[in-house]
Amino acid sequence: MAKADVVAMILAGGQGARLGVLTKYIAKPAVPFGSRYRIIDFTLSNCANSGIETVGVLSQYQPLALNTYVGNGHPWDLDRNNGGAYILPPYQRSGRSDWYKGTANAIFQNKDFIDDCDPLYVLILSGDHIYKMNYARMLRDHISTKADATLAVLEVPWEEASRFGILNTGANDIISEFVEKPKKPESNLASMGVYIFTWEVLRKALIEDEETPGSSNDFGSNIVPMLLKQGKKLCAYRFSGYWKDVGTISSLWEANMDILDRPEDINLMDRSWRVYSRNPVKPSHYIADGATVINTAMTDGCQIFGSVEHSVLSNSVTIERGAVVKDSVLLPGVTVRAGAYLNKCIVGFDTIIGEGVRAGADVEGESPYLNTKICTNGIVVIERGLKIKDHSVIPANCQVDCDRPVPAEKNVIEEVFRVRKT
Amino acid sequence: MFIDAMGLILADNKKITLGELSKPRALAAVPFGGRYRIIDYMLSDMVNSGIKSVGILTLNKYKSLMDHLGTGASWDLDRKNFGLHILPPYVNSESMGVDDADEMAGLLDFIRSNRSAYVIIANSNMILNTTFNDFVDKHEQSGADVSVMYNRDGIKYGVPNYIFEIDRKGYVKDMLFNPEKTVSNRCSLGIAVLRRELLIDLIADMIARGERNFGVHVLTKKFDTLHIRAHEYKGLVLRINNVQSYFNASMLLLDSQVRADLFWTGMPIYTKVKDEAPALYLENSSVSNSILSDGCRIMGTVENSMLFRGVTVSRNSKIKNCVIMQDVHISENCELENVILDKNAVIRPGIKLVGHKDYPVVIGKGAIV
Amino acid sequence: MAKADVVAMILAGGQGARLGVLTKYIAKPAVPFGSRYRIIDFTLSNCANSGIETVGVLSQYQPLALNTYVGNGHPWDLDRNNGGAYILPPYQRSGRSDWYKGTANAIFQNKDFIDDCDPLYVLILSGDHIYKMNYARMLRDHISTKADATLAVLEVPWEEASRFGILNTGANDIISEFVEKPKKPESNLASMGVYIFTWEVLRKALIEDEETPGSSNDFGSNIVPMLLKQGKKLCAYRFSGYWKDVGTISSLWEANMDILDRPEDINLMDRSWRVYSRNPVKPSHYIADGATVINTAMTDGCQIFGSVEHSVLSNSVTIERGAVVKDSVLLPGVTVRAGAYLNKCIVGFDTIIGEGVRAGADVEGESPYLNTKICTNGIVVIERGLKIKDHSVIPANCQVDCDRPVPAEKNVIEEVFRVRKT
Amino acid sequence: MFIDAMGLILADNKKITLGELSKPRALAAVPFGGRYRIIDYMLSDMVNSGIKSVGILTLNKYKSLMDHLGTGASWDLDRKNFGLHILPPYVNSESMGVDDADEMAGLLDFIRSNRSAYVIIANSNMILNTTFNDFVDKHEQSGADVSVMYNRDGIKYGVPNYIFEIDRKGYVKDMLFNPEKTVSNRCSLGIAVLRRELLIDLIADMIARGERNFGVHVLTKKFDTLHIRAHEYKGLVLRINNVQSYFNASMLLLDSQVRADLFWTGMPIYTKVKDEAPALYLENSSVSNSILSDGCRIMGTVENSMLFRGVTVSRNSKIKNCVIMQDVHISENCELENVILDKNAVIRPGIKLVGHKDYPVVIGKGAIV
């Protein structure tokens, strides 16, 4: 492998349990987002647009979908002979083998990979944030301030600061303290989970952390405090712009709606900073005579005969005549049959919503599928690969999960299709 | 499954012009069907047949074709071995002029450098979704020297067309270009297959004789010395022979059955990936019976139209029966009917353009109206 | 992922313990072979030349070197958007996670990957055989005989038959029995470890085998006998040509020497069936005034000032003036200092043989490095990344391993370099 | 680390000919140094500098250049965005002749489609291993309009050369082509850097004035209107100006220090991967002070020579002071001294060819002697 000045490591490992059935078969970063994209597209495109060409994707939970989605890296121009995209799952060494523990442990286990690239700097990223950021600029700051580590921060509203990892800083934005979810925040600079480390410094820290008993091997809770204690120079890099963690069903839904409601913020139309994605190879979409489409984002392969309002449709969605879709997010291949009504629904790959089904935030009734742990704000989530029985009723805050045992008469699932993993 | 054939696509055709649309580019590079260029269909047919080596013969104006095809990655033809080759007219070092003999020699070199048993040669004015495996198998079984494809719908789309007359065994016994009296309804699809070794012999012979033209119909004309078998194709074919048929074919795509036959056969039509944003339908959009593509922003009314990638239709504008190519901007309060707008055209506020169904208005590439 | 008619799965998982220190840091298929190649190049090139473009490489032991070597698949034309090369390590599913057990279990665990490709046929290959074979021809036979499985076989000399897995066949080469290392072989048709299965049949068999208690989940010992018992049609496909399993030090050495002694057999010069490999990007090699090079294969980046006879040199090997190298295999980056003498040695990546060192089959003496389990026929193996002390003596059948505890006065290792993993 | 520049390489040069060697191909495509073509060095320098967009300007005979460069994958320039672009002479649709104005317009389009701040323009007759990061930095700091590179070894390799006269601040105040009286030993390397926006202005201006030539020295000639800073390069440079200097430069590579400066700097020179077998030295081989490449089969004697990939030297043949290009076959009992053999040449048994060190015999591509 050729020497790279900087290597990006994307932490794409988590199961993303808070996304419920959406991550039953695929890792969170591979979940479709914003009509044309997968969540990880934003981070991969940031790397490509920042000129960073050696990218390791650390994944241990259901990496197949990520593996085949990232594939040869071509859509992000990461099909390089020198560098490119590498999927890095845990592996077996002579004698021992471990699954990834914390975020820092995941990097520790891939120390050899980074050493082989022999970089000066390592960029640590999350695979589940929606934002556009030029890491090259952050790196230039990291180099010019001669910092050991630079952490990207976002000014958040003071009232929300206690929900984030907060960095307290002194002069020149030098970090003095990291406080996870402080009750009384001293600063409103929230860590974005974007770190640049000088590799030599991080390498040493990872080894020390690994030897520390009781460490949870996490960047935020362990590595950063340890470096601060050791008197290392940690700087904050202020980012301003759209940034969203899509770790929950409601934040995922919100971020999708932001594409419609705040199109200038994430600005997908910006041709100087394109967000790349793997193309589904479908024809342009078709809007039939009699269809209504308002305030909606849509992409290739869709065929719309019914009514769609304020929704985000991934590729190859079919909305039949008389169906009504509002405030919803439909993933690739969904079919909504005639007369069905969806409101604030997130529907998984290839699922067929039967005729006259009523589902969503304004649908009332009791249901064994109610799951307020996953579904909040009235959102309904429906698993991939299902045929929902005609005329079923799925009220607010339900998650339709084929593995959930429900009485036969309350079962809304007519059929479960073979699930595709990508 | 494994096809033992290479492909040759003729990107241009001296007999076919699309007026303003083919002025800045080769015929094969004319946009068609929302996300595509004309060549995408034939190229995808070849790739879907398992062909891994395709040569594109260009006449001139190949720059936009080169831009479109790039490394060939979108068709998975960015290969170390074989893959996609553009064979530009060879510019001779001495004269700086184009010397057709050298061009033919370059073609011969390319065909020789391949290893497959068969060569499929295709013009690029036919839009169809098929694979050639069966065509090659039937050719192999027939023992013919060359097989050519035809269908029976051709004449209804008008000129220019080659008509085959065939004998009872299915061999070509005559070929007529735009005959006054129609002797047959077998209309050439401009697609042929033959053994690579035979093609090498034929081209070498043509070079030796000083012939300077090459193409499916140049070969088919040799029906008196070669056994040329005619193979009927029964699927959907859209023929692009002139601006009128181009416009008609575009409008035919609004028919669900035509779209199903062309796009939803399970064999994808590949094209250059553009990484546009999804299409956005905003507050006042009203769209019916239309095809739209990524990157469109719709604030007005669109009816019976085909919009390529990145088209903006502003508030209070009304589009009807139009073909609007990539990155066209339509300002507010416009009214367009039966118009073809080429790439990057800009329609200023309040403009009204109305063509006739049979004589669509064509606005050239980058024009500001 | 696009549909593929046939998917190749390369079993590249084994640690290859019999190759000793050569596989301490890298999996066996990534071991350099034949001057320009790695072992797996032959199998990958067979796939490419046979027109098979979806290839899964199953690897759990030290997959990093394989991962970075295979990389984007470009050298083998496997950087496809539809298909291409995929490294498939074990991964975590909801709830459980397993390392690969037998060969059949490795395929079983990647059932989802194959299902996603939705092939008619699956080709099972080993990553550690040296041969050139057109799998497309074998597949055509598999299809025309309407077999459930087709196994490639090689006629071996009758006296050697008891060392192989032997297939007894009836009319039309239909397989009646599989016998592992028979004492009294009834046939001399040895299984090459190359299998084509109709996916539907294999899929069912894998699931059944997985449910069979006590199964070692191996193709040869379990799957093939089970299918025979079920009355499935298994055919033998006769292969003739060069084929070698390079699982031991002596067979690896022999196969290297075959390139010099039987160049027509493996025929690396055949331009219609090239063996592809990842290029090291080094200049052409240089032979100095006064050097002697006879009966030797050599590639880019070598610089020869001394004498080389009947040896195979990988890229960037330097032989200094007065050094003598005979019957040896030098892996990339090896330096042999002035006056050193090597005979029948296999030397790992980047190792420096000090001045006046004497090592090899005709070197006598006692040594704590003697390891006749790994090293036979006098062959000496020296680990990668070492500096061997000047004037050391390493007698026949030694393996120089830096982890082996030896008395200081007998230690031939002056220094251990940081080991590169690729 | 991150360079904000694109590259332009001029693949040909009307002032430089290598006789038989540059007859079938562009100057940039002439093989040099065992595994490489001349362009590989400059292209690798650009890639090693971090440049991700390179345009290759061709004059004619670009086919072998296209074959060599392929998709650009060997230089990691097979990119979705930018990457490698061959800018062929634009063949105008009407006249089918080459129209330089269109060619300039095509160049302008290409430069405009890029986004980098700077453009590095280079001729392709210089062999050196460097990066341009420092050159661009110094240019940026100097505030000059254009910076050009020179060194002080140029004149000893003979014609043709551009000599810079510079003022005390390091700005070019005159440029002379092969001056009779040498006023300076500052010899141009044919490498320049300037802001992309400035280059766009300059080319647009040239088009408007009807100028039809473009190149490093065409720009440098504008030293009276532009501030052009001369930057001395102190590393190794091999100049390819004619057959003699080509042969000399090849022989210089047998020097260990020259090889170290060109190949072992840590910055690799990339070239097209050929997947040849390793070189085989057989029973009777005797080789000294020579460079050999993969795919060679040596059964004879080779001395002070440079052998490209796939060369066969048969039994009892003796090669001395020769440059032998790809896939040349030398039969038994031959004797060659001071000979340059182009690609695919075949030397029949018993042939003796002896040139003079200063006048090597050149055997053309594919010749059978």
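Every chain is named by a letter (A, B, C and D) in the order it is written, and numbering of its residues begins at 1.
The working rule: contacts are C-beta pairs under 8 Å (C-beta built on N, C-alpha and C of every residue); 3 or more make two chains touch, one makes a residue touch a chain.
Given the structure is predicted, the values throughout are model-derived calculations rather than measurements.
**Student:** Is the number of contacting C-beta pairs greater for A-D or for A-B?
**Tutor:** A-B
**Student:** Suppose chain centres are the mean of their C-alpha atoms. Which chain sits farthest from chain A?
**Tutor:** Here the answer is chain D, farthest from chain A.
**Student:** When the C-alpha atoms of chain A and chain D are each averaged to a single point, how far apart are the two points in Å?
**Tutor:** 47
**Student:** I'd like to verify one number: the distance from the centre of chain C to the centre of chain D, where each centre is the average of its C-alpha atoms, in whole angstrom.
**Tutor:** About 40 Å separates the centre of chain C from that of chain D.
**Student:** Going through chain B residue by residue, note those that touch at least 2 other chains and give them in order.
**Tutor:** Answer for chain B, listing residues that touch two or more other chains: 73, 78, 80, 268, 273.
**Student:** Provide the list of chain C residues touching at least two other chains, using ranges where the numbers run on.
**Tutor:** 74-75, 79-81, 276
**Student:** Taking the complex as given, what residues does chain B use to touch chain C?
**Tutor:** The touching residues are 1-2, 50, 52, 73-74, 76, 78-81, 115, 268.
**Student:** Name, in rising order, each residue of chain A that touches chain C in their complex.
**Tutor:** It comes out as residues 1, 15, 24, 59-64, 67-68, 71-74, 79-81, 84, 86-94, 97, 99, 112-113, 115-116, 418, 420-422.
**Student:** Going by the contact rule set out above, which residues of chain C touch chain D in the complex?
**Tutor:** Where chain C meets chain D, its residues are 34-36, 74-75, 259-260, 263, 268-269, 274-277, 279, 281-300, 312.
**Student:** Show which residues of chain B lie in contact with chain D when the two form their complex.
**Tutor:** On the chain B side, the touching residues are 23, 60-63, 70-73, 78, 80, 83, 88-93, 96-98, 106, 273.
**Student:** Any idea which chain A residues touch chain D in the complex?
**Tutor:** Of all residues in chain A, those touching chain D are 2, 5-6, 51, 74-75, 77, 79-82, 136, 272, 276.
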